[in-house]
Amino acid sequence: MTAIAPPVAARRTARARADRRKQGWVRRTPLLPALVFTIIVTQLPFLLTLYYSLQSWSLVRPGSEHFVGFANYVDVFQDSQFRTTALNTVIMTVGVVLIAMVLGVALALLLDRKFLGRGVVRTLLITPFLVMPVAGALVWKTVMLDPTFGIVNFILRPFGIGHFNWVGSLPLGSVMIEMIWQWTPFMMLLVLAGLQSQPTDILEAASTDGARPLQIFRELTLPHLRRYIELGIVLGAIYVVNEFDAIYMMTQGGPGISSANLPFYIYQRAFLGFQVGQAAAMGVVVVVATIIIATFALRLIFTSFSGTEQAA
Amino acid sequence: MTSADITTAATVGSATAAPRRVVAKRKKQRNSITWGIVGWVVGIIFFFPVLWMVLTSFKTEAQAYTNTPHLFFTPTLSQYRTVFDSGLWPYVANSAFATIVSTLLVLLLAVPCAFALSLRPVRKTRDVLFFFISTKMLPVVAAIIPIYIAARDLHMLDNIFTLVILYTAMNLPIAVWMMRSFFLEVPHELLEAAEMDGAPLRRTMREVILPVVAPGIAATALICCIFSWNEFFFAVNLTATQAATVPVFLVGFISSEGLYFAQLAAAATVATLPVILAGWVAQRYLVRGLSFGAIK
Amino acid sequence: MAEVTYDSATCIYPGADRPAVDALQLAINDGEFVVMVGPSGCGKTTALRMLAGLEEIDDGSIRIDGKDMVGVPSRDRDIAMVFQNYALYPSKTVGENMGFALKMQGVPKDERGRRVREAAKLLDLEPMLDRKPRNLSGGQRQRVAMGRAIVREPKVFCMDEPLSNLDAQLRVQTRTQIAELQRRLQVTTVYVTHDQVEAMTMGERVAVMRAGQLQQFASPTELYDRPANVFVAGFIGSPAMNRFEATADSDGIHIGDAVIQPSDAQRQAVQGHSKLVAGIRPEHLSLGDGPLTMEVSLVEDLGSDSYVYGHLAGDAESSMIVRSGRVHPRPGEAVKVAVDTAHLHLFDAASGLRLGD
């Protein structure tokens, strides 16, 4: 039986399609190493965590693991300590992010003005963000906030607060102060980028239209800054929720769990209590909460900032 | 209006112009000085803890561990000597190794990846980018348990390469996004001109594109180094003695048996100095790295 | 009454070696449409911005309606400005953009709305009042920028090259609209452009500037017929006026090998000046028997007439343009050119200034 040769046109499209597919793979190859590496190193652990969360497992008794379904989750939500640390996490995140953002906006406005040595001041202001978090926490705990020998109490002595035990009496607050110090530059840089991206002729137009500086700020600058502030709050929240270093160095979560946040509590359960199943379940809960915040971040990054905003 | 009237108006006008011009100029200078003062005061306040840390590191313990802090003193290097003699070097070596090797790996993987996602977009570019960011946003604490167990079972605990792998995965999303934003800035006329000049892709990449994005690569590398060097969570959980990094070294100073302020200040200074310098150098690109290239 | 007077107004940017605007002297009448024109860097935009309060008046003064503006901030000058890139407020709708200045003045909402709608009707913007600038075309944005200025009923309109971002056809259309609008509203307008065609068609009087200095301030006809110096002669009119090196003596005016007989008045004017620049527009030269010889290099046939480009015989460096009818010579030919001496312009070669009337 003779094979019927397909007509020329069909042959050509078939070849074109094969070419395009080959082109597609040529384009995709540079992508793959990074993609595959990331998938293996980041996604597998999460899947395993999900698996562990359904097990009852203690690291001190190897071989004891067995499937318990959602029992861990039930325990987690009934755990009062989980609720306390969850609340701490919320307080810490909301407090640090909002205060750092307010300070960040103020500092960005300051750095937007011209004055002598502005570049140096900017460099000084971004330094807290560059300081190794554990080093920063260590320095704040000892050199700054120590009740007897810390410089903060020395400065406050004329105001009568000379011997306050910051880290002892105000553990969550102290950690928050350190974190606000570290995160304000981050907010400042984002807002500053926003301020500097505002086209000057719009501000000039407002000036000739009779607007005073405060009016210009309220009517034009703030709306323009909105998406930068939103991005700062959402990204900041994601990072702050996961904060670990400062708590480890300053208070170890204590006294008790008064300054522990969820990541630290999970760490305690896993590495100090060796209760893998429960820790895994808590981890999953934190992941779900983060996903919700992260969706906002992603939406902002992809829509708000992918177009260009011009002075119309 | 006759020309005489115009001239009189002119002289009257310029008589009042001069003092008003001076007043306006002086007000501008006054404003600039006020902001300058506010700026410097605020800058020094924020910088103060770092400044105090560095100053303390040059004091003796007696000078540091005191009720009334000294601003003026004769500096000494004895704290630094102690810190290094007590074995800081291996930690520095580990940190340096993990940082440099992971950053090189990151660049090796991220540059082609970013290139594919920017200059030669594939279908699902958005999804891939989305995926990369999402890995950065998920809490590490939820992944640490399996990673720990895997490392333990593979005998990779206390092994510097474990950190290298993890840091690479940690920085890859940032690097991909940053490099992509730099690639997008290459004017496509440049590519079109190279194509018309008959250059094949790899050649174009090497001789045309790479020189243009070289500062971007440097900035990305610096930012990755900053995050790797400062990383604590993985280091403290997955290393012990052989592979411990500088942040882990600092943990030794929070013991309750006497706090050695000057010494820990010295250790903290050594720990933070490289990154502070790197950050000062890469300042311009910091925002881009932090916002995943969304903001320049 | 909104007269605008520049009285020796000067602006120097810090670090520059010459002023951006050097002792500008201009008296603009109430309701007049004045155009400032010149090549880039001539200071026209700076002069406009000094009037608007966006640049410092470093020396001299600027008066609006008799009141000195030195030290007075933009917002207190009652000036409306149309920016080159329109500078529309991106976060506000068209209606809010147009009403912004009124809002700053504290005008109540109803009246604001009324005045905005009136201006919108004038500019055909009514259907767009609720849109944001990013959803508008370039031409629509330009109209919103104009509308924003009109609503304010200010003392002066300042316009900074408002047509330069429009395509050619739209530009011509909008040009006439702006001129009509100004005639209707009778607001003193200072308009900056680098395009001398815009200047000539729109301005009642035109100020030609160069390197910060005013060259001539007169009506378009005056600029065309009696340019005050060589620069203005070459800048105004397209294609440009022919300018030849020339000398004068008892025989007449020598251009190259040719001799041209001037009128008595012209002869009088060049007394005492040996080196001259002789200017004559392409339309005042004609192909045919005459004193000049031209070597043709190129002919542009525009349909209604044509322009013959070339150079003076014997002077390959020179440039010469002659307007011709449908019949024209071919490139490479040498032709004779006649001169309409009544329209000969004579300038002193050293100073560039016009000689005679």
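Lettered A, B and C in written order, each chain numbered from 1.
Just so it is clear, a residue touches a chain if its C-beta (ideal position, glycine included) is under 8 Å from a C-beta of that chain, and two chains touch if they have at least 3 such contacts.
Predicted model only: the values in this text are computed from it and were never measured.
Overall, the chain located most centrally, as judged by its C-alpha mean against the mean of all protein C-alpha atoms, is B.
When the interfaces B-C and A-C are ranked by how many C-beta pairs touch across them, A-C comes first.
Set against the C-alpha centre of chain A, every other chain centre is closer than that of C.
Note on chain placement: the centre of chain A and the centre of chain B lie 15 Å apart, centres being C-alpha means.
Separating the centre of chain B from that of chain C, both taken as means of CA atoms, is a distance of 52 Å.
Mean C-alpha positions place chain A and chain C at a centre distance of 56 Å. Chain A makes touch with chain B in their complex at residues 24, 27-31, 33-35, 37-38, 41-46, 48-49, 52, 107, 110-111, 113-118, 120-136, 138-144, 146, 148-149, 151, 154, 181, 184-186, 189-190, 192-194, 228, 231, 235, 238, 241-242, 244-245, 248-249, 262-263, 266-267, 270-271, 276, 279-280, 283-284, 286-287, 290-291, 293-294, 297-298, 300-302, 305.
Taken in their complex, chain B has these residues touching chain A: 32-33, 35-36, 38-40, 42-44, 46-47, 49-50, 52-53, 56, 64-69, 108-110, 112-113, 115-117, 120, 122-123, 126, 128, 130-135, 137-150, 165-166, 168-169, 172-173, 176, 226, 229-230, 232-233, 236-237, 246-247, 250-251, 253-254, 259, 261, 264-265, 268, 271-272, 275-276, 278-280, 283, 286-287, 290-292, 294-296.
Per the touch definition, chain A reaches chain C in the complex via residues 199, 201-202, 204-212, 215, 219-220, 223-224, 309-312.
Against chain B, the residues of chain C that register as touching in their complex are 5, 7-8, 27, 56-58, 60-61, 63, 66, 68, 70-72. Contacts from chain B toward chain C in the complex involve residues 6, 9-10, 13-14, 16-18, 20-21, 23-25.
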